[in-house]
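Below is the structure I would like to discuss, written out as structure tokens.
Order of writing sets the labels: A, B, C and D. Residues in every chain begin at 1.
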Amino acid sequence: MSASWTAAELLAVVGARQLRDDTTVFAGVGVPLLAAALAQQRHAPRLTMVIEGGIIGPRIRPGRLPISTNEMRAAHRATMLPGITDTFLFAQRGFLDYGFMGGAQIDRYGNINTSVLGGDYWRPKVRLPGTGGANDIISLCREVIILTVHERRRFVERVDFVTSPGWLDGDDGRRRAGLVFGGVSRVVTTLGIFGFDPETRRMRVEALHPGVTLDRVREHTGFELLEAPRIAETEPPTGDELAILRTLDPERRFLG
Amino acid sequence: MAARRRLEAKAKSAGEKLTSLEDAAARVRDGDVIAAGGCLYSRTPLALVREILRQRRQGLTLVRNLMCTEGELMMAAGAARRVVTAWMSIGLPWGVSKVMREHVESGTVVMEEWSHLALGLRFRAAAMGVPFVPALTMLGSDLVPVGGLQTVRDPYTGATLAAVPALFPDVAILHVHRADVFGNCQIDGYRHMDADIAAAAATVLVTAEEIVPEEEIRRHPDRTVVPGFVVDALVHVPFGSYPHECYGLYEADFDHFGEYAAAIDARGMRALADYLDRYVYGPPTWSDYLDLFGGERLARQARLARELTA
Amino acid sequence: MSASWTAAELLAVVGARQLRDDTTVFAGVGVPLLAAALAQQRHAPRLTMVIEGGIIGPRIRPGRLPISTNEMRAAHRATMLPGITDTFLFAQRGFLDYGFMGGAQIDRYGNINTSVLGGDYWRPKVRLPGTGGANDIISLCREVIILTVHERRRFVERVDFVTSPGWLDGDDGRRRAGLVFGGVSRVVTTLGIFGFDPETRRMRVEALHPGVTLDRVREHTGFELLEAPRIAETEPPTGDELAILRTLDPERRFLG
Amino acid sequence: MAARRRLEAKAKSAGEKLTSLEDAAARVRDGDVIAAGGCLYSRTPLALVREILRQRRQGLTLVRNLMCTEGELMMAAGAARRVVTAWMSIGLPWGVSKVMREHVESGTVVMEEWSHLALGLRFRAAAMGVPFVPALTMLGSDLVPVGGLQTVRDPYTGATLAAVPALFPDVAILHVHRADVFGNCQIDGYRHMDADIAAAAATVLVTAEEIVPEEEIRRHPDRTVVPGFVVDALVHVPFGSYPHECYGLYEADFDHFGEYAAAIDARGMRALADYLDRYVYGPPTWSDYLDLFGGERLARQARLARELTA
């Protein structure tokens, strides 16, 4: 596919389109933050960004994108700095509409692993950084959208370790575990947009990005994907969307 | 958990919230549970209380940690059927509230008493989005059955603790020092319980002494105590707590309390009916109301406040 | 007794003497606050006053004594204003050494009633203002000292309503109720200093103020008082102590 | 409740707390549980961490919500036997921490993982003086058995909630913007979890960028986040988090992180031994340490911080 945009740009654009106006979004640094900033500048001017470092309503300064959720670049021109615990408590109370997340490993039920690969928890083959706020965001936001590169090694039948619970074992497993709110609504990848069957909670294809075939998606997915009744094709990024993104990240630190 | 569903269903906008007292107060419905910010005669949202009374709301439950004249007026006006509080009167020099005694002893108003911390934790638990928080207070006292306080067993040590239940008000009414048009609120001095009350309520109405440019809020984000997406209606009301105080801006008008209390001592509940006519139902706007005190009086109280906080 | 001090002055002086240096005290307005301020100026310069309105370390301005715990006079030159709930939580955590309290009605076990007199709770003969922070202070401070005028109508066999739990029914009743910390150590009145029997937790006379006899105390007490092994006589207020108090309250708003 | 007894037994003084880094760090004992303030590379108490390593403490448990180079240094120096955290690495551009992988995968360090909120609530519960607080997070995940999270039943609704256990550190180490000699501390910008950590710990050690007159604290009491009676030792340490950041004063030195990470990529753990010699064991004082970066570098980072917060 000879696109005039990078995979990261496509992710950010499609991610941004998921956000409605007059809402709040818990966004991590990198592509999620770019997607939120894009939505804010384009169709959701009354969107509030909330960042894990205890930051509400920042205005990201073009060219000074934060590397972490805990630095001045992430807090630039914020409206409130409530502290980390109280920021998450706003989510637990129900004030956070969307959560944007990534993930090293994701399975057919939208469970995410960012803790350990192989071996057991205490003596893993590979120790990953850990949950950070991912477990909280996926547990407490009204709706969670996962943004990730689509690779077979990431899309596995069952994650080695459930760091962040999606739909757990499917059906009403999440509710039975005491997670009475929220859930993963969408997985936006470099190949398409995925949702979950309302009954079984198994992942299904809902849209394919321009030039992407279902076979190509299956090739890059380590488990059997269901299909939505109607599979749409993603609207290509507009020049306007791409222009805003490129202004935000001129050094292409995250846009690739 | 119904409380959370109610919030999820509501728009959490970063848009403008500025409106009038009438419009803001109109969001209160008969029978609502209203939590008022501030404490005793400090930062009481009196302009909103007055407008709620002018709109003749009925059957309200007023929740406030320490209640003062705002509680007396709501009782006397017949607006409050129940109060949930830790303490009610004006202050030491004026003795036990005669209005409270009249209404509670006669049974026209129910007074549900919680300890000061317990009431604070009821707001805190709601703000945290949990049905209760454990505590070591109120145990063993006769207050336990009054509000139906339960206990909970610590799964780690087996110890028994008070399980203070979350309180989710239908409406929170707050008065703050400054806010931008988007409802990002800042408070100077003591914060009382306002931040928890705002996060606990389904609808949040705020009056502010000053509406400032967004830039001023963004210049000192560490002073913001209520984020805009929590606020539903914002009204610009200078001296919005008068004759109660606002930290650093004006001291409580103790002379006015004295006159008010003396009238009640002299003429009982009839004095309150007159007071309501003169200060609540009479003056159409808040500035008409402030004129009853006069600019000199307000200036004096402002000077006293500066002396104490300079 | 033709004393050169008022009952309130005596209360404040004896109250102040109960406070050690390098400690914290939760003090209400009026005599308790005067007592704490006196201790601070005299023998406890490193004492921290904590006030219910969410105020830590204020310096009371002579002649501008607060009427409530929630006003600028009480917060004058404070070092911290943490908010009310968090201020009480410092006590629950164990940071508050002393609590100073008054009380409308007190019984032989140091239980206090400030809620209702006569009738039942929901339809009382007399409705009092309520607990305020008294129940919390008596439940959470390491040690509570009650300062009160000594009158027979106040010192009753059993309070009508336990607003603030002292030793409840005596013995280990307080512990059994789940109040694993603190307790009422002393009751300082206008007639003497009282403590509690370490076993039965019943009130006992520990010291008599100058010129006060045991009979006079009994006359003004509505229940049988025990006696400490040795009953001391209170040192009279010194000119120094009285001078400090009178500077703090020149209008004698609280000193009588 | 032993945690409360420990506090009750200790003097809570309004007196002076000012001392040296050596004296402050000497209050840490081998085997202690240490909680560090700040978050990731923001307001990390690095001067205290460095001094603790210089004093060759052993068998420590380091608790911190998001861990960065301070955690790597404590692992590499053999000071930390266990870490309790939600996340550890330096930051996205530098990938997964090789030091963490080396020590955790080989079993020389145990990594106990909690969600970010859960760890924050562990400090919050301790600061509140209760053994647990209920929450709706971490349920259903494989993290539950890792730290032994229990559940609790809400006595009002019967709902099952996570019961997040209080964490009472032996020692809290914090870096703040300013304090008076009595230990009244103020923080600008984001507060992270410092206030809860201070109230949760048995002993509290603080470094401050600036020591200000008592009057300056009393002029803005609403900015104080840790009261003096909570603090045991206070040290004046400008640039006390460097190369980590301090809000408004200096930005994190990303170039230094880059050089540090590159050395590890090139020479693995040997690079850390060299780093410890050069930055920790070598320079006798913190200002000697800062000289390794040079005044120009510090001035540049200060300018960048002003640009972002002006």
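Please note the rule applied: a contact is a pair of C-beta atoms (placed from the backbone, for glycine too) under 8 Å apart; a residue touches a chain by one contact, two chains touch by 3 or more.
Predicted model only: the values in this text are computed from it and were never measured.
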item: Contacts common to chain C and chain D (chain labels); value: B
item: Selected pair, greater C-beta contact count between A-B and B-C; value: B-C
item: Centre-of-Cα separation between chain C and chain A, whole angstrom; value: 57
item: Chain B and chain C: spacing of chain centres that average the CA atoms, whole Å; value: 29
item: Centre-of-Cα separation between chain B and chain A, whole angstrom; value: 40
item: Distance from the mean Cα position of chain D to that of chain B, given in whole angstrom; value: 38
item: Shared-contact residues (touching 2 or more other chains) in chain D; value: 1, 128-130, 135-136, 151, 159, 161, 189-191, 221-222
item: In chain A, residues with contacts to at least two other chains; value: 75, 81-82, 89, 92, 140, 180-181
item: Each pair of chains that touches, named by its two labels; value: A-B, A-D, B-C, B-D, C-D
item: Touching residues on chain A, where the partner in the complex is chain D; value: 29-30, 52-55, 61, 64, 67-73, 75-76, 81-85, 88-89, 92, 115, 121-136, 139-140, 161-165, 168, 173-174, 177-181
item: Chain B residues within the chain D interface of the complex; value: 1, 128-136, 150-157, 159, 161, 163, 165, 187-191, 221-223
item: Residues of chain D defined as touching chain A within the complex; value: 39-42, 65-66, 85-89, 91-93, 96-97, 100-101, 104-105, 107, 110-111, 113, 115-118, 120-121, 123-124, 135-143, 146, 151, 159-162, 189-193, 195-196, 245, 247-248, 251-252, 254, 305, 308-309
item: Chain A partner contacts - residues on chain B that touch it in the complex; value: 1, 3-5, 7-8, 11-15, 126-130, 180, 182, 184, 199, 214, 217-218, 221-222, 224-225, 227-230
item: Complex interface listing, chain C residues touching chain D; value: 21-24, 45-48, 56-57, 59, 75, 77-82, 89-90, 92-95, 97, 142, 180-181
